[in-house]
Every structure is written in structure tokens, then in C-alpha cells.
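Look at the two complexes coming up: chain A is in both, with chain B in one and chain C in the other.
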Partner chain A sequence: MEFLSSLISMPWLDYSISGLVIGSIYALMAVGLALIFGVANLINFAHGAVFTVGAYIGWTCLVGLGLPLGVTIVAVAAVSGGVGALIEWLAIRPLNRQSRIAPLLATIGVALMLDQIIHIVFSPTPRALPANIPDWRIAVGNGTIGAIDITIFATAVISAAALYAFLFRTKLGMAVRATAQDDDAAKQMGVNINAVNMTVFGIAGALGGIAGLLVGLYYNSIDPNASFQMMLKGMVAIVIGGMANVPGAIGGGLILGLIESWGIGLFGASYRNLFAFVLLLVMLLFRPNGIFARGKERAAEPMTGTFVTQTKAITLPRPLIWVLIGVAVILPMANMPYITQVMTNAYLYGLAALALTLVSGTVGLVSIGHAALVAIGAYASALLTTKGLPVSLGIVIGGAAAALIGTALAYPAFRLRGHYVAIGTLALGEIVALVILNWEGVTNGALGVFAIPPLEIFGLPLYGTKASYWFVLALMLGMAGLQVRLLKSHLGRTWKAIREDTVAAETYGVSSNYYKGLAFGFAGFTAGIAGAVTAHQWSFINYDSFNLLFSVLILTMAILGGLGNVSGAILGAILVAALPEMFRTLAEYRMLFYGAALVILIRFRPQGLLGSG
Partner chain B sequence: MTTKRSLPTFTRRGFGALAGATMLTAALPAFAQTSGEPVYIGVSGPKTGLHAQYGALWVQGFDLALDKINGEGGINGRPLEYIFEDSQNDPRQTIAIAQKFIADPKIVAEAGDFSSTSSMAASPLYQRGGLVQFGFTNSHPDFTKTGDYMWSNSIPQSQEQPLYADFAVNTLGLKKIGVMYLNTDWGKTSKDLFASAAEEMGAEIVAAEGYLADEKDFRATLVRLRDAAPDGIMLESYYSDGALIVRQLRDLGIDVPILATGSIYSPDFLELAGDAAEGVFTSVYYAPQSPRPEVVEFRQGFLDKYGEEPNHFNALAYDAFNILAAVMREYGTGREEIKDGLGKISGISSVLFETVSFDPETRRVSGPEVTPIVVKDGAFTIYTPEQG
Partner chain C sequence: MAEPILTATGITRRFGGITAVDGVDLHVAEGEFLSVIGPNGAGKTTLFNLISGQDRMDGGKVTLEGRDITNLSPHKMAEIGVARTFQHGRVFGNLTVMDNVLIGCHVRMKAARSTVPVIGPVLELGKALIQPKAVREEEEAMREEARAIIATFGERLTPRTDNPTYTLSYANRRRVEIARALALHPRILILDEPTAGMNESETAEMQEIIAGLKAEGRTILLIEHKLNMVMQLSDRVMAMDDGKVISHGTPSEVRHDPKVIEAYLGHSSIGGARPAARDNAEPQEVITAGPTQGRIGRTGGAEA
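Entry: the complex of A and B
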């Protein structure tokens, strides 16, 4: 009742205005993303980083050099357009013939590098971005809107309109559309598709940079960490508006802003991102072509099978495997606790990567929400054992909880394909983290879970550095062995059949949802125990312990090793966990090298080190 | 992103100087030279990643502290140095770093990490390994509870929030308070403690709105807050989000008094918030205008070395090293000696507190006091009730 009355008495106008203001920012972000998706069929994760580059070029011109705003805008557009084109040339073009996932990961690597360069050049502290913009404000409802609010909105609309005109009214625009539809055919008709792609990335980059400048002016604050969140909101907006629909992106951004704002009005700000990601998921499931699409035509699905690069997997000779296992077992004897701890961490990553390589590689559902499974396992075990349950039981229940809840959550996403699975699982990962944050009665909300009992099995303490190392190693090898057995059974063949061609598999009487569920269940169990063990090792976890970056990291490991490849996942985990440790002496430059390593690996060995299985 | 924060701990500095330095200068030539094997403090903190800015602020504070400590003869003649391991504020990395420090006999004490998640993940290791973990940004109430090797000069919210409530209710006379809080362990705990203290003093909490750490847009949330008709607003925020909120609040036409935790006490807050910062109240342990010699020396030294005003994370780092140095000078550089020394030492003066001593039970600073501050003409000035 109280809810109903607040629904009626709510100052809708004020909330709508604030929704439209933030919505225009999302729209501005979304226009560039939609443009790139339309041409390259790719979500450009580096778009957020270009946004940050624009903001800092703006700062350099306005504050550092004292240039007028007009000159600044031109400089920002030129530099960030150049950065956009450079991304296409360096990271996208060479991957033209690779699997779909390769360029997506390359953009993540580029984003890491760009963000880190900004960190190094400008320091990570937020800075003010003051400018001489008129400071008149118009009263609307009980609030006000100012010149910059209107500028942002107008820029979004004008740029979308200009792009639309460009795409549908000019000859170069036709070339762009032709390239998007079929680049081979376009090439045959004499279109220089490389130039077209580069132009599009340049335009999108310029728009992203200007968005960064305007948003920085709006908040009078720029910081190098804002980019990823902004990119995600832009992504939600294009899903709402239709992935490649440029004018739709404006609508998508505004709708997202309005829904967030109304949701905050009704439930509070902690739920903001929850609304955004639930909306994303609902759209993917029911209107995958966006809210503005006519009819319900199905999204093109050319990606089944091609989403994972196919190669012949390298099988490690058996004696080598035994030697490696032997080395791993005696490693703690070297009495180097630091190395032992780093390797324990690597094996925990390895467990999570095993799970991911099964669903993403073997079954072909590329997931960017893997942290959710790990988090469910961690929380289940942490909450139960702090209430008195023995740790060994907690770990098993953690695995089971992740298997059950994870499969149930992912079930609706089983019908999605290709990129949509990646985006959908990303949303699921965020939703799980936000539920953990907001469900205070059960999860302790923002406070996290403290004083989680240390690792032990039936009263045998395992929290010593060496003991926990051997325990985690045994768990990882056990689960890896089990997974290898499963892959060799009929299950493994069925999973691969579903990945290669779901329709054909269904025709043969394979119930694909059932087998996808089995894969998710097994993977959820593995990931869940990885989370549970981590929780007992840290003694403290909170909603942010397993976040989106963690998901991206695990995916990087699986891809690095070769999607679907069991020993590859372990190798990938060890490399990714150990590389940053090796780069530790490089301090600030560490993430830069890490991003570069990612880009180079994808460029030269997209099928992973050991080949995909 | 569960950064925990601690009140502006700006003040540290001089304690060791006074005790140690006066003694040393008496005994040694005027420009004390250090020699021999350095004494190492291990620092675990973010140099890259989302919280890299805080690690950068720490380094400024540490380096300034070392200039002073080593200029005064180091630790009884041995130079004090530190080894900074980048943890990215990530618990996976803090536990690995903990193993590294514990195994390295050079390291006599550890400082950091930044957030509760990452610091407390490593606490059981430091406790078992017998190495002091000095968490100078860890105001999380549970931080020092893992064991007797966890110490902090950061004031837990249970001590500081009642001081804010007292200022809001009894000094500013607020009756209906709206609270905006960062929805992390730090912000949530602060909000709860503030609310219960304020209600005890007779005020009403008419709204309490949480927000996520990476949020930039607060307009919708502020509409909610406005409709609760508060006569004053309390911000449990850091300086960057605090500045955004204050700007958007004034843009929405809300003009009631604003009080914010001491973590907004940073020159960057003034710059980011612009004109909207005018009239915002806060209170701090360190006030740069303070005539105390430790504060003057810290601020002047910082301005000379870096050409900018220090903020409270600089002072936290500076104080942390000076406290550890004072303990080492007096009680020795053994790991055990440092742990015991922290419980025994008293009367160190610092930038943040007039005198520092630790309660050996809670391993927190005893009896801190705050200075009320208001932003006036674009600067933080000490508030006196007569100003009105």
C-alpha cells in the first residue's frame, strides 16, 4: 500500500528530467558503439577507453594549454578519432578472419592499455574540468537543467542524425552498409573495406572522445576509472535500441536513463545497475533485435560454430604431464612461501578456468559472467560455515549451490547465441553481485562476510601455506581428471555437437538445453568450490570480491590456453596469475604489458597456446 | 570497491621527531648521517588498478616522512626504507605479498593495504607469521580484531561518527537529517553509527540513500532526498563522489546545510565541487591552519617537495611511518618488539592527533579529537559557532 501511494505521489516529472539528462549521456556513448557493431559486428570494449582519452585531451587543451572550447572540441575529435582508427588498424583488422571472440578480446586488451597509459601520463587522481560555459539554468518542475545538459542531448541527437544521413544518403555510407552486410561482396564491387572500417572506427572514436569531454564538463570531474562503467551502460543502451541501430541507440540511452531514474525513485540508488542489467537480459531474451525492430524477426545467427577458433588441439604427452604434476607436487619443498602462495592462487584460478573452458569452449557458450558462479560458491560456504557448519561440508555445498543456482539463472540464456550469450552472461554476473550487495538479510550486504573459518578437512587444519597449496592442487587435478573423462565419454561428443551445430544436434534428437544444463551444472560445481576455497583462504569476502574484471580474467585464461582444452585452461591460469607477478617490478607499467601481451597473443595465436579442443 | 576510509588523518609527524630527534641531535652532529643496513617497512598497496591514486598519495607521504626520519638519524643511525609491492588493492595479491614479506627477514613491519577486503584477507597470514600489519587506512571496525599484530591509527567509525552527529545536532541545530552514503562496508557502517548517535541526540533521520562507488549521476537519488524535506544533509562520502553530490544538490536547488565526513577534506574536493563547495561543513583531525609545529612542518615540507597542498591520505601515510619509526627507535626493530612497542608507546605527537597512544586492547588510537571546518571563500577554514 505504501508502495502504491509512493507510486502515485512520486514527482514523476523530476525523475523523468533526471532520467533524460543521464540518458543523453548513455545515448552519446551508445551511438559510437552501435556504429561499430553495425560494421564490425563487434562490441568495442575499448570505446570506454576512447571516452577517457577524449576527456583527458580536453583537460590538456582547456586547462593545460588554456585553449578555447571550440579549438578543444576539434582537438578532442581529431585525437580520439585517430585513436579509434588506430584501434581498428592494430587490433581489429589483423583479426578479420579469426573467430568472433578474438576481436572482442583484443578490444579488452586495448582498453586495458589505454586506461593504463592515461593513468601513467595523467595520474589516477580525478581532476576538475572547468570551462567557461554559460551557467544559466532553467527551472523545470522542482529542479533545473543547464546549458551543458542541453548540449549533451543535442550532441547525441545531432550526431545520430548526421550518421544516419551519412549511412543512408551518401555513397560512402552505402559502402559502409555494404561492408557490414557482406565484406567479400563489397570488396568485389570495388569497395576498399579496410578504409571503410577505419573510417567508421575513426568516426566512432571521435564521437566517444567528444562524449568524454562533454561528460567531464558536465560533472566538472574526469577520472581514468570511469570508462568501463560508461561503456557497459552504452552497451545496455544499444541492446535496447537494437545493436546496430544508430538512431535506436538514442532511444535506448534515453529509455535506460528513464528506467534507472524511475527505479531509483521507487527503490533507491543501490538498485540502479540492477535495473539496467535486468533490462538488458529481458531485452536479449524477448526482443533481441531491440525495441524499435519491426516484427520479431530472429537475429542473424552466423556465429554458431565459428565463435570458437577451431584447430587441432595439442595433446601433451602423458610422461610430460606426469613430470609436470611431479614438479608441482614437490614445489613447496623449495621453501619459497611467496612462490607457493602465487601458485596456490594460480590453481584456484585454474579451477575456475576449467569450469569456464567447459561451457565456453566445449559447449560454445562464451561467458563473461563467470564470477557469479564463483561468488555463489564462496558466499554459500562462507555463510554456512560462519554459522557452524564444518568447512569441508561448506565447500561441497558451495559447489552444489553454484551448480544449481548458476544453472537455473543461466537456463533462460541457453537459447541465446554468439555475442548475445556473452552479453547476457555479463549481465547475469552483474545481477548476482548486485543481489549480494542489496540482499542484506542474507548476505550481510555491503559489509561482506568476515571471520570465515580457515581451510580444514575433518578437523585437519589446511591453512598453512604448504598444506593449502597441496589441497588446492589436488582439487584442481581431481576436477581436471574428471573433466577429461567426461569429454571422452558420449557427453563430450554431444556437447561438441551442440557447439558445432545446435540445429543439427536437435534434429538427431539431442535435447540441447538438457546437455547445456549438464555442462553448466558440472562447471558450476567446479567454479563453486574454487570460490568456497578462496573464501576460506581470505577469511573475508564481499560483493566485489568476484567482479566483472575477475570474469574477464578467467575468460582470458581459458582463451589463452585454448578454449575447451583442459590442460590449456590450467596453463592459461598459471600464466595469467604468474605474469603480473613477474611484471611486478615494472610497477605502473605492469598493466600496460599485460594488455599488450593479451593483444599480441590474440593476434598471433588466437586459438590459444595449446589449441582449442 | 569497498574502500574503507579513515578520517582525515592528517596529522602526523612529529612525534618521533620530538622524542627521538631532540635526543639524537644532542648526541650527534647537526646533520645526522645514517649508515649501515637499512631498516625496511613492507608496504602493500595499490599502485595500479582502480585505486592507484591512493597508492600514489601514500608514496608522497612516505617519501616526505623518510626525508625527515632519515634526516634525523633514521632508526638509531640506520636508514629507514620501504619496499612497495603493488597489490592493486586485490585480495589475491595481498595474500601473496603477505607471504613475501613474512618470509623476507629484512622486513620488520608491514603497512597497508588500502581496503578492508584486501587488508583483512591478508590479516590471518600476518597474524600467524608474526609480522605487524599497520593498517593506516583501515577504519573497518573489525580490522584490528583478527589478532594482536593488527594495529591502526585510523579512527574507527564507532568513535568518529558520534562526533559528527554531535556537531550536526548540537552545533548546527539540525532536527531532520537526510543522509547520503557510499554503499560499501565503510559507508554503510558510518551511516548506521551516525544515525543512531543523531537519533539519540534527538534528531530524526528522514532519509538515508546509499549509492554505488562508481556512480556519477545522483540527480534521481537527490530528488528522493529532497522530497524527505531534510533541514540538513550528511554525506558519508569520499572527496570525489562527495564533490559530485554537492554540485548536483545545489543544481537541483536544495540549499540546506551540508555536513560531510572528513574524507572530503582535500584540495581536490574544492576544485571538483567548485562554487557548490561553499558552506559545506566537515571536521578533521588535521587542519592545515593549525599552529602546531608538527602540522606546520608537514605542510611546509609537503609544499616544498611537491608544490601542492597535502590531503588526508598523504598525512595518513606520513603519520604511519613516523609512528612506526618512533616505536622502532624506542623499542627496537624486531618484529615482536614492534608489536609490543605499539602497545607501550605514548605521547608521540603527530600531524593527525596532538598525541598518539594506542589502546592495547583495541589496538586503535585512544581519545582522538576533531576540529570543525567550513568551506569559506573557496577554502577550508576552522569553524567557530560565532561565524553563524
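Entry: the complex of A and C
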């Protein structure tokens, strides 16, 4: 009833106007992503960071230097365009199109680095971005339009028009369109593909930067932590519009802006991001080619073996494994509690990385929402044990909950391929976090769960640094052993067959959804107990404990070790989680370190240290 | 003639405005060898995709031994014994030859066929983890059989049993595909251009292997361009053009049918509109025009 009355009383016009204004900014973001997807066949995860760069260049010009708005827009476009081109030159071009997932991961690395650099230069707190735009508003019907709305909308329209003039009236624009159609053919016709790619990244960067400035002006605030959210909005818009469809991206941005604005009007602002992700999932499920696609299109041929570089995995000799396990077991005897604690933490990451390497490496579903599984396990155990359930039981239930809920949530993503899986899992991760944030009755909302009972099994306390170290080590080695056993069974080859060629596997009687489900179930259990144990270790968790950065970290670990490689996942976890802790200077610039590690790794050893399994 | 085990009637598939397969009837009897020939773009592969469940037909019906199998999913098709190879070869590159063939055994593995509802998945995981004796013995038996199948390809595959298939030559990959199909114990074996891209001696070798399969009394559907091979192997031949069956009968009947000769040598209107139109009907081009190809400004670009 309350909903119905708000449906009637809502000032539709006002919400529609603000929806269109925000939508035009999303459209600017989306156009850049669509251009890049068209030419480079890549979702640029660094696009959000370029947006933030634009916002801060805007602040520097307007507030720092006191320049007029017109000059500021040009400066923002120039600098962020340069940053975009630089990303192409430094991170994408050297990869030489070796596999489709590699550049995507490289852009994640670049995004982490750019964000951290902005944090270092401008401090991580949001700041105001005042503009000298008159604050008059004119009444239209029962709503109003302000000068700021008109300024933003006009800037977006002019930018889009300039882009169109470039694409359809210039020779380079024609080269861009030709490359998007067929890059090999364009190359043979003498088109300089590298120049085209750089131009497109530059244009996308300029548009993204302008979007950053406009958002800052609209809310009179710029936030260095907004990058990923904005990138995701742009991504949702291009999924609505049909990935590489530039006019579609503009339409998608406006639609997203409107739906978001109306949704906020009806349900309240805390759900803002949920609309985008639900919309994304619905689109991926029912219209993966976008709402502007004509006719039914059969799924494209699978990208055979594109995600896993074909290499032989390095198998560690058995004696070496036993020696390493022996060293791990006696490590706490050295009486260095800090090291012991850091390693305990690394093993927990190791558990999560084991789960991810199974799903993303062995089965080939590259997941950027892995934190969701960990979060489900953590919350299940934390909520049950704070109500009196024994901790040991809570951990097992946490694992089971992550296995069941995680598999059910990921099921819609099973029919997606390639980059779409990455987008779908990313959305899942965000949706789980948002549900945790908003479902206050159960999850305690933004406050989180505190006073979670410490680790113990069957009344045996494991609070001590050493005891919990051994417990977590045993858990990790146990789960790793089980995973190795599974990989040696018929399941191992069946999962790999699905990864290599889903269509051929189906043709030989492998029900791919079922086996993807089995993998997700087992991986969910591993990730769930990792989350549960983490919750008992920390005694406090909230919706942000297992965020996107957490997912990216786990993915970095799995890639570092070699996707699909069990010992690789553990090695990767130890290197990524423990190293920065042990060197204090690294800890301060952790994100910079992770980002650089990811970019360098993808560039020089995409198959990981131990090779993909 | 013997009772057909596979019957397809009125198979139709349209891509946009183009009818790639237009009301084709097809039947094959137990132990029979039927070949489908026709120029590129005639709709042969599309027809086989429809029969093997790779693609969904817009009209028509397929039955196997009286059971309606129209538009079953590919893995259901495999379960009832329809095995196929692919025109361009689709082995699992990072899997060994042995594992590729073992995937062919998948539909017969008891360890992978849990009949218990709801907890079936848990049982399958459990069996894989615990590896009880029955599971180990089954796996070993399957491996033994896979080795025997690989051995039919002689020195080509046997020494490479444990090599990943991406290290194999193109011809060897095609052999692995056939070995994988045989491991399924198929009721019907569908071969889509098994000698495409092979040289003469490789083709002769493949023909010998296929002749061997025929001698074992297998039911085989073959798409092939090499007419000599088709004429020597087939019991019956069906010629297609423009999505329709244009000739059908014994190899020599089809070979001397003027309509077939015309289809191969070119239409009476060479250079006219029709052949060009048929080129556009090449289904591969139509169905892959999905998100990977349609890129920038598809709507805008096309019209501008």
C-alpha cells in the first residue's frame, strides 16, 4: 500500500529529469566502453579510474587554478584522454592479443594503480566541486529544470555529436569502424591498428573524464572511491544497449538513468545500485545481445581454450611438497607471532583461491564476484553462532550455505560465455553485498555482525595464534587434497572438457550446467568455510568485509599461481597476501603493488608461476 | 529395405529471411551408410546440426527407433546414441588423447550417472572423492577400451596417447574426434567432412578407417566433398542444393543425375543473382553475426 501511494504521489517529472541528466552521464561512460569493446574486444575495467581522474583534473582546474568551466572541460578531456591512450600503450598493446581474458585482467590492474595514485595525490576523502553555474530553475509542468541540468545534458549531447562527426566524417573514424568490423581485414588494407586502438582508448578516456567532471558538478562532490561503481554503471548501460553498439550505449545509459531515478523515488536511495545490477542480470539472462538487437541470434561459437594459455603445468615433486608442508607445520615454533598471524591470514586467502582456481581455472568460468561465496559462508556462520550454535557446526553450515546459495545464484551465469561470465559474476558479487547491506532484519545491515564467537571445535578452544594457525593450515591442506583427488577423477577431465569446448562436451553427453554446478558447489563449500573461519578470526564482519577488491585479490592469487593449479593457488595466496604485510612500505601502497603485480604478471607470465592446470 | 532406425521428415531451418534447410526428409536403416553431398552452402552441416541437436529446427520431426527425438538437447542426443564429429574438428586441446576418448565414454560411466534424485550430485562428488572399488574398476575398464579404440588408428595415435591434443597435427586431431565418437558406442555415427583439409594419403587412410567402421555394421551418416570416397563407401547418396534435396538414390544414380551435375558445375545463371544469393545463405555467416562480430555502430554504420 505504501508502495502504491508512493507510486502515485511521486513527482515523476522531477525524477525523470534527474534520471535523464544522470543517464546522459552514464551514456558518456558507456560510449567509451562500447567503443573499446568494439575495437579491442575488451571490457575496460580501468574506465572507472579514468572517470575519477577526470573528476580530479576538473577540481584542479576549477578550484585549484580557478579556470572557467569551458577551459576546464577541454583540459579534462585532454588529460583523461591522454591517460586512456597511455593505458592502451602501456597495458594493452604489449599483450599482443594473446588471449581474451588477459587484457581484461590487465585493465583491472591498471584500475587499482590509478585509484591508489589518486588516493596518494589527493587523499582518499571526498571533496566538494563547486561550479559557478547559476542556480536558477525554471518550472516545467509540475517539475523544474535547473541550469546545471541543462549544462550537463548539453555537454553530454555535444560530446556525443563530436564523436559522431569523428566516426562518420573523418578518415580515422572510418578506420575505427573498419577495425571494429574486422581488425585483420582492416590491417591488410593498411589501417594502422595500433593507432586506431590508441585513438579509441583516448576518445573513451576523454568522454569518461568529462563524465567524471559532470558527476562532480551535479552532486557538488567528487569521491576517489567511486571508480568501480561508475565503471559498472557504464557496463550495465552497454549490456542494455548491446555491448559494441554506440547508439545503443547512449540509449542504455539513458534507460539506466531513468530506471535508477524512478527506483530511488519509489524505494529510497539505499537501493540505488541494486537496480543497476538486477537490470544487468535480467538483461544477461533474457536479452544478452541487448534490447536493440534485431531478431534471434544464436550464441557465437565458443572461444575454444581462450582463457587458459596452453602450457604444461609444473607439478611439484612429492618430496618437495612434504618438505614444504613440514616447514609450514613447524613455522609457529619459531615464536614469531606476527609472521604466524600473517600466514594464517594467507592460508584463509589460500582456501578462497583454491575455490576460485577450480571454478575459473579448471572449469573456465572467470569469476570477479568470488567474494560473494566467502561472504555467504561468513555471514551464515557468524549469524548462527552469535545465536548460540557451536562454532564448529557454524563453519560447516557456512560452507554448505555458500555451496547451495552460491550455486543457485551463479546458475544463471552458467549459460554465459567469456566476458559475459565475468560481468555476470561481478554483478552477483555486488548483489550479495547489497542484499547484506539492505536486509537489515537478518544481516544487521550497515552495522555488520560483531561479537562473533572465536574459533573452537567441539569445545576445544583455538583462540591462540598458534592453534588457529594449525587449524587453518590443516583445513587448507585438507581441502587442497580433496580438490586434487577430484581433479584426478572423471570430474577433472569432464570439467576441463567443458572449459575447452562446451559445445563439443555437450555433444558427448556432458550436461555442462550440471557439472558447472558441481564445481560451484564444491568451490562454494571451500570458499564458505574460508569465510566462516575468517569471521570467527576477526570477530566482526560487515557488508564491505568481502568486497570487489577482495574478489580481485583472490583472482590475482589464482592467476599468479596458474589458473586451475592447486599448489599454484596456495603459492599465489602466500605471495599476494603475505608479502605486503611483511614489508611495511608495501603495505601502505598495497593497491599499487597488487595492480602492478597483476599488470606485470599478465604481461610476462600469463600462465602463472606454476602453469595452468 | 530394412526398417529405418533414424527418420527425419520435413526438416526446416530458417536464418532470418533465408531458409537454409527446406523441408528435407532423410532416413537411414540399421547398418546403412548414407552420404549427403552438395555444394558449399547447400545446408548439409545445418541439416546435421539439426539432427544431432546442435541447433533447433523451425519445422520437422526426427525419430530414432520410433522415439521422437526432435530438438533434444545435444547431451540427450549423446545419451541415446547419436555421436557426431565436427566439420572443423573440435577436440579438447588441453586434454590428452586418452582423456578426449574417455569423454566419449562419459555417457556410459556409472560413476557419472547417479539415478538417485536430489542427492545425486553429492553422491557423484562423494564417489569421485572416495573412489570406491567399483568406480576404480569402471575407470580402468574404460581406459582399457579407450586404448583399444586408439589402437585402431595404429601408429598415428598410439604413441601419442598421453599427449595433449593441441600438440597433434590437424589430421591426428580429426582421428581423435572419430575415436571419441566411437567411444560413445553410437547407434548412429555422424561424420561431418572427416577428410576436410587432408592430403591424398591421409584421405586414403581415413577412407580405409571409415570402410572398416562400415564393415563392422555401423550405421553412418557422412557429409563429404570428395566424391570418389562417397561413391566407394555409400549405400545411398543424397544430394542437396539451396537447402533442398535435389537427388537421392544409389551412388551411381546420383552421380549421373543432371541436377547434381548442374549444382556442382554451376547454375545455368552463372554470374547472375542466384549463386550470389546462395553464398549469402552460408549458415555459418548468418549465425555467427552475434555480439562478437556486430560491433561499433552496427545500426548507424550499416545505413550511413
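The definition used in the following text is that the second predicted complex is superposed on the first by the 572 of 613 C-alpha atoms of A that agree within 3 Å, B and C clash if a C-alpha of one lies under 4 Å from a C-alpha of the other, contacts with A are read in each partner's own complex, and residues count from 1 in each chain.
The criterion applied here is as follows: a residue touches a chain if its C-beta (ideal position, glycine included) is under 8 Å from a C-beta of that chain, and two chains touch if they have at least 3 such contacts.
These figures come from a predicted structure and were not determined experimentally.
Chemist: Specify the outcome, clash or fit, for chain B and chain C once both structures are aligned onto chain A.
Modeler: In the arrangement built by aligning on chain A, the partners chain C and chain B fit side by side.
Chemist: Applying the document's definition of touch, where does A:W12 land relative to chain B and chain C: first, second, both, or neither?
Modeler: After superposition on chain A, A:W12 lies in contact with neither partner.
Chemist: Go through the superposed model and pick first if A:R493 touches only chain B, second if only chain C, both, or neither.
Modeler: A:R493: touches chain C, not chain B.
Chemist: Please indicate which partner A:G517 is in contact with in the superposed arrangement: first for chain B, second for chain C, both, or neither.
Modeler: Second partner only.
Chemist: In the superposed arrangement, does A:W470 touch chain B (first), chain C (second), both or neither?
Modeler: Neither partner.
Chemist: Does chain B (first) or chain C (second) touch A:A446, or do both, or does neither?
Modeler: first
Chemist: According to the stated criteria, A:L482 is in contact with first (chain B), second (chain C), both, or neither; which is it?
Modeler: Second partner only, chain C.
Chemist: Just chain B (first), just chain C (second), both, or neither: which does A:N273 touch?
Modeler: Once the two structures are laid over each other on A, A:N273 reaches chain B alone.
Chemist: With both complexes placed on chain A, how many Å separate the closest C-alpha atoms of chain B and chain C?
Modeler: When the complexes share the chain A frame, the smallest chain B-chain C C-alpha distance is 30 Å.
Chemist: Return the residues of chain A at which the contacts from chain B and from chain C coincide.
Modeler: none
Chemist: Enumerate the contact residues on chain A facing chain B in the complex.
Modeler: Listed in rising order, the residues are 11, 14-15, 17-19, 21-22, 25, 116, 119, 123-128, 130, 137, 139, 142-144, 146, 215, 219-221, 223, 225-226, 229, 260-262, 264-265, 268-270, 272-273, 336-338, 340-342, 345, 437, 445-448, 450-451, 454, 463, 465, 537-542, 544-545, 577, 580-581, 584, 587-588, 590-591.
Chemist: For a test of understanding, state which residues of chain B touch chain A in their complex under the given definition.
Modeler: 1-2, 47-53, 56-57, 84-86, 91-93, 95-96, 98-100, 102-103, 116-117, 120-121, 123-124, 128, 142, 145-146, 183-185, 187-189, 209-212, 214-221, 223-224, 226-227, 240, 243-244, 247, 251-253, 268, 271-274
Chemist: Mind listing the chain A positions that touch chain C in their complex?
Modeler: Against chain C, chain A makes touches at 34-35, 37-39, 41, 164, 167-168, 176-177, 180-181, 242-248, 288-289, 292, 295, 297-301, 304-305, 308, 310, 312, 482, 485-486, 489-491, 493-494, 496-497, 499-501, 503-512, 514, 517-518, 521-522.
Chemist: For a test of understanding, state which residues of chain C touch chain A in their complex under the given definition.
Modeler: 16, 52, 54-55, 73-75, 77-79, 83-84, 86, 90-95, 99-100, 102-104, 106-107, 109, 111-112, 121, 124-125, 127-129, 131, 135, 139, 164, 166, 180, 184, 287-301, 304
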